[in-house]
Amino acid sequence: MSDLTIPRDRNDDYSAAAVAARQALVRERTGASIEHVASYSLDPGSLPGNVEGFIGAAQVPIGLAGPLLVNGEHAQGEFLVPMATTEGTLVASYSRGMKLTRLAGGITTTVVEDKMQRAPVFTLPSAREARHLAGWLDEHFAEIAAAAQETTSSGRLIEIQRFFASKMLYTRFNYTTGDAAGQNMTGKATFAACAWIKRNYPGELHFLLEGQFATDKKTSVVNMLHTRGKRVVAEATIPSALMEEQMHVSNDKLFSARLKGQLGAFMSQTNNNGNHSANGITALFIATGQDVANVAESSALYGFSELLPNGDLYVSVTLPALIIATYGGGTGLATQRECLEMLGCYGSGGVYKLAEIIAATVLAGELSLGGAVVAEEWVSAHDSLGRNRP
Amino acid sequence: MSDLTIPRDRNDDYSAAAVAARQALVRERTGASIEHVASYSLDPGSLPGNVEGFIGAAQVPIGLAGPLLVNGEHAQGEFLVPMATTEGTLVASYSRGMKLTRLAGGITTTVVEDKMQRAPVFTLPSAREARHLAGWLDEHFAEIAAAAQETTSSGRLIEIQRFFASKMLYTRFNYTTGDAAGQNMTGKATFAACAWIKRNYPGELHFLLEGQFATDKKTSVVNMLHTRGKRVVAEATIPSALMEEQMHVSNDKLFSARLKGQLGAFMSQTNNNGNHSANGITALFIATGQDVANVAESSALYGFSELLPNGDLYVSVTLPALIIATYGGGTGLATQRECLEMLGCYGSGGVYKLAEIIAATVLAGELSLGGAVVAEEWVSAHDSLGRNRP
Amino acid sequence: MSDLTIPRDRNDDYSAAAVAARQALVRERTGASIEHVASYSLDPGSLPGNVEGFIGAAQVPIGLAGPLLVNGEHAQGEFLVPMATTEGTLVASYSRGMKLTRLAGGITTTVVEDKMQRAPVFTLPSAREARHLAGWLDEHFAEIAAAAQETTSSGRLIEIQRFFASKMLYTRFNYTTGDAAGQNMTGKATFAACAWIKRNYPGELHFLLEGQFATDKKTSVVNMLHTRGKRVVAEATIPSALMEEQMHVSNDKLFSARLKGQLGAFMSQTNNNGNHSANGITALFIATGQDVANVAESSALYGFSELLPNGDLYVSVTLPALIIATYGGGTGLATQRECLEMLGCYGSGGVYKLAEIIAATVLAGELSLGGAVVAEEWVSAHDSLGRNRP
Amino acid sequence: MSDLTIPRDRNDDYSAAAVAARQALVRERTGASIEHVASYSLDPGSLPGNVEGFIGAAQVPIGLAGPLLVNGEHAQGEFLVPMATTEGTLVASYSRGMKLTRLAGGITTTVVEDKMQRAPVFTLPSAREARHLAGWLDEHFAEIAAAAQETTSSGRLIEIQRFFASKMLYTRFNYTTGDAAGQNMTGKATFAACAWIKRNYPGELHFLLEGQFATDKKTSVVNMLHTRGKRVVAEATIPSALMEEQMHVSNDKLFSARLKGQLGAFMSQTNNNGNHSANGITALFIATGQDVANVAESSALYGFSELLPNGDLYVSVTLPALIIATYGGGTGLATQRECLEMLGCYGSGGVYKLAEIIAATVLAGELSLGGAVVAEEWVSAHDSLGRNRP
């Protein structure tokens, strides 16, 4: 082990000197020029709270997709969608789906549920005492909620779900969180609530702030069933002639292929019976300053389609765990804020609108890739557009 | 529906004029200045094959974590790790875990498996004929592999797994793909293989290139069991005194907490019985030009720990579906290439080294967050470092 | 297609003549003597409501296991446990575990939750209207519960869980059901509730009585998380010297093996991270007249063990979906009732006692098989006792 | 703890005296008369190897369902199906489905795969050595198979699947097992194989005979993907007029309901996207002397249906883990053997025929219950036939 350490300035670690010292170390130790990394227009002074050990910025190219026609409760009209990606064909493919759905009259979107959680597990001396604790939590819900409330102005505890196993009581503390994603807010509030419980519960009790029942940054059945973040549905109906014309495939054939895919998804036990929601979500998350690691859970998807008696295809996607924010986190940084502004979503009041735009984008992408696979155009599209991808 | 369309230049859609035309449209229609989006040092001429409808770049701040001490077969020694993120505390937390493991002698890493797949589903007139096809595929494996081989120089078909259901034969065509991630390569090769099969199989047969058994961009049990991309293990042993000193928690207490987390993960049915692998993986993926949407599947994790008779803690993570590349895709772009160069992984021959560095980073992060939660320092750390996160 | 039909007597299909006619057909068409099938002591007159087309009875041998020492809230003291099985070593193995736990002071049991459900899915014109229905159900819960209540005296609707996807609202109508298992009771009550909803909801709505969210006769994560039937925990603490003496294995070694098994269970995605709960549950279900098909769901298990600082092993099992009854169904038939009487569980008031006995039996069996596998005695035990099993 | 013990005769524990001594104990300690339990026609002398502590027999009523028309490779023609159950309406419901499918021309059945396994986990000093072991197993497969072979005449090792995690190598040793179910045979053979490996592997290695990757008596994704026992498909095509006439529901309506059920099954994460396979399988397992605990895994089901262009409904079920035998175990006991004889399946050579009959029975039951739920006749059928079920 060498004496290598990364320079850090305790007074101002985001100063030009501090940044330069780290860049110099990188150049010296690794030989990398990091010329582009060191070329950024963002103000390092905006970064405390977003990154430590700052040395520069990754430049992720943004393509413009759309227009996307959304008939939401919050997002209404046509949107130009900024997608940050390095994957060839992605923007083109989403644009194709946006065109199809726009010609079909647009995509209807609905946020059907909204909650964020932290999931402490309580360990008791025995199962019988775990059962007793559950009853006690019910009786003291108001006081527990009040303890949580003291740590936050925008979050509110709405429910404590419980799951018994052995001598433990696994819980999910569910909150509403306003326009913030709320993972930290709920962490802090739940910690306060647990401390109150530990102080006041008339018995021995140990808690751990996370018992793997909120599965932050991890997809899970429990989150898909019970919502983490926003649960959003996007729906559209595609006339069969339009599908043929735009996608060169019939609704019948698409639906028949889908049936096989549904069984495949059930067998392979994926968290997503769709095609590639992660593509659109990731591109929008990077562009708009979301916590991109949440793609792990936010890309979960329930797809559902029906062939209507008149031959039209009803298609829908449900995103059960879309974790997004329009203020806080990375949303206020230079390019990220601009992309939110492009969508009219920056700041307070924008989060449902953003949820609707993302869900609509995902649905457009599902139709585009689904159509391409069935029409057997998918390989050739990648060939011509994605030439950098071996 | 308006007459809005996104300008496109069929001759050179990456020219300054083409880009400016789209930027102008964005400004006019949305009012967003996109001043920072339009400030980039990358050469738009490098982007064909990576993005369509280019309008600028997202700037994602990069923090430097480390040094990370890796005892791999390919990655050996100390690394300075570039992490692109907007989540406060992330870099600091990973650095803390890197310090702990470095003081413990480093992290041992091993790539135990490597394959990429495309998963066509074949539909036959009946189950009996599906069974017949399976036998026929065995008999003609060499010819099928040859047909696949014609489309690629670096990929090689090594196995066709099969899963019967109804009158369908779901398959996984498994390939080795060299230093590329290989999703497109295997798509093209499998399409060629399927076309050969359709031409030569003496019977009625329909195929669909993807039957949801490769679950590209989607996590699944089948991929976790059978590997997609690289399957990498990172292991370390932490002396109990060192854990106390660095993390303010005992190995015993950490292990006991872990047992409850393991049951929680089993109950909540997550794809990851660890803490937050997605954080480290995403930050490295953005920095090094990986296909970030693959976080959905690459963040899957099997954790395993043991309390040794002497009180030391053996800890390990297994990433069963780490999809990465060191050439092709976004790896050659401006900042992305520089970050790969920082790790000594750019280009041919670097992919196993990168896999080892990522796995080691993940293990460091698991220890850091795990320790913080048990030591109940996690909430306060976020409070002081992550102030931008509500 | 021949003109073969099974004889049926519309006046009394359980009369000696009706039974004999079917037996004659079997003998004539198949050549089977069915001499033993036709030898039964039960009264066919007791069978309407339990079986149609009666021709005789299967004789399933019953072995006596125990004594089983239970420290429950309802089951207290020593029990002789009737196990109906044809699997050699099963009774001996459970008896061994019962001896071990009896020597350790017995097994503590707790019923922590109790509910039965039917899970209608409502289809609406769109997701937005599905969300509206959810609110409407909340507002009209009392009336819905009253409609359900009209069909049953012992069941009571306690909660309607909801899960949004697409334009559907999947629900779980949760009931308490007294000493009955309650699948039919809840079916009927939910049908009445749905009919009331359809009549009164001010909008278009279609319902299907089961949307695969109660998963009757099928194991599921949703049932394991949220309980179907009784959720029972059995706990014991085994001193390390006792384990050595009785099982020829150390607590340490058992615990270490268990860790690997836990990871295996997580990877293989089983509904049961224990050893063989289905063995004990099935044997008790056949003996006591339970609906044996419920083994599919009732055998789900969460196991949890801890090595205590003093070297003792805390072990527990949680059965999250134990579906049982002590009246109705097969519980009143000849041998079935006798076996319930052996356990002091027949009739009203016995169901929690039976739940506790079953959970304690399962825990005894887990310890026995677990010990045998680790002590590598398992193969030889089967060799000497299970000689009829190839 | 009392001095209560269950009497056991070391010379002949199945003698009349030994049995009577236990019966006397039961009567004395519990007050239960066990008159019917003590009434059996089976010969206790046939029971060694099937049960210990014998005190009598459960009488489970058998109903006759059918005729069932099967177009299998092994089962051909019409069968009278003995179903042992205490659940009212079950036999009638299956008979209804058998009538429907018979009128539709019968059910086509195919055994598509057949293997049984034991799944040892090997623990090595590190992941790198686990990877080395995997290679070594490949090189020594013939010797390992030979070591396994020495313990069995009918089993044959065909493949060792491997799954890496941490420093462990989880495996599945797959065997063919002839007409036996083979769980014990494969246990013994794998133990011999592991002993050989331990003796010969040039390095430190520890094994545990079961790593939860064969999940005996437990359903799991790995078993559903890779087959445990027989993988059988049953298929039928139902003309729409016939469906209307027999089930009072249209193919369209049935298919539309099914789509919602499929999504429900995906969301609730059940091992079975059908209706109630466990009912038919359990009734046949009890009747024919199968190991009924295997219902836990054998009832797993993949259903797949398609609405054909002409309005007919193609329906199929795939049972991926049907564990059955036609000799050994309980198959030779008094009533059990008679029921196998009724189906022409007793003894050597019968196991595929039995697999086909079971799969066809399951499909008939799926159609019957599915139709009843959609036609909203299900509740009333239970009301009139299942009156003993509260």
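Going by the order they are written in, the chains are A, B, C and D; count residues from 1 in each one.
Quick note on the criterion: a contact is a pair of C-beta atoms (placed from the backbone, for glycine too) under 8 Å apart; a residue touches a chain by one contact, two chains touch by 3 or more.
Keep in mind that this is a model prediction, so the values were computed, not measured.
Trainee: How many steps does it take, at the fewest, to get from subunit A to subunit C if each step moves to a chain that touches the one before?
Mentor: Minimum number of steps from subunit A to subunit C: 1.
Trainee: Quick check on subunit B against subunit C: do more than half of the interface residue numbers occur in both copies, making it same, or fewer, making it different?
Mentor: Same residues, largely: of all residue numbers at this interface, over half are found in both copies.
Trainee: Counting in whole Å, what is the centre-to-centre distance of subunit B and subunit C, each centre being its mean C-alpha position?
Mentor: 41
Trainee: Go ahead and note the Å separation of the Cα centroids belonging to subunit A and subunit B.
Mentor: 17
Trainee: Where in subunit D do residues touch two or more other chains at once?
Mentor: 163, 165-166, 168, 221-222, 225, 262-263, 265, 267-269, 273, 302, 304
Trainee: Enumerate the contact residues on subunit A facing subunit D in the complex.
Mentor: 221, 224-225, 256, 259, 262-263, 265-269, 273, 302, 304, 306
Trainee: Contact residues on subunit A for subunit C in the complex?
Mentor: Where subunit A meets subunit C, its residues are 73, 108, 110, 112-113, 126-128, 130-131, 134, 163-168, 221-222, 225-226, 231, 233, 235, 269, 302, 304, 316, 318, 320.
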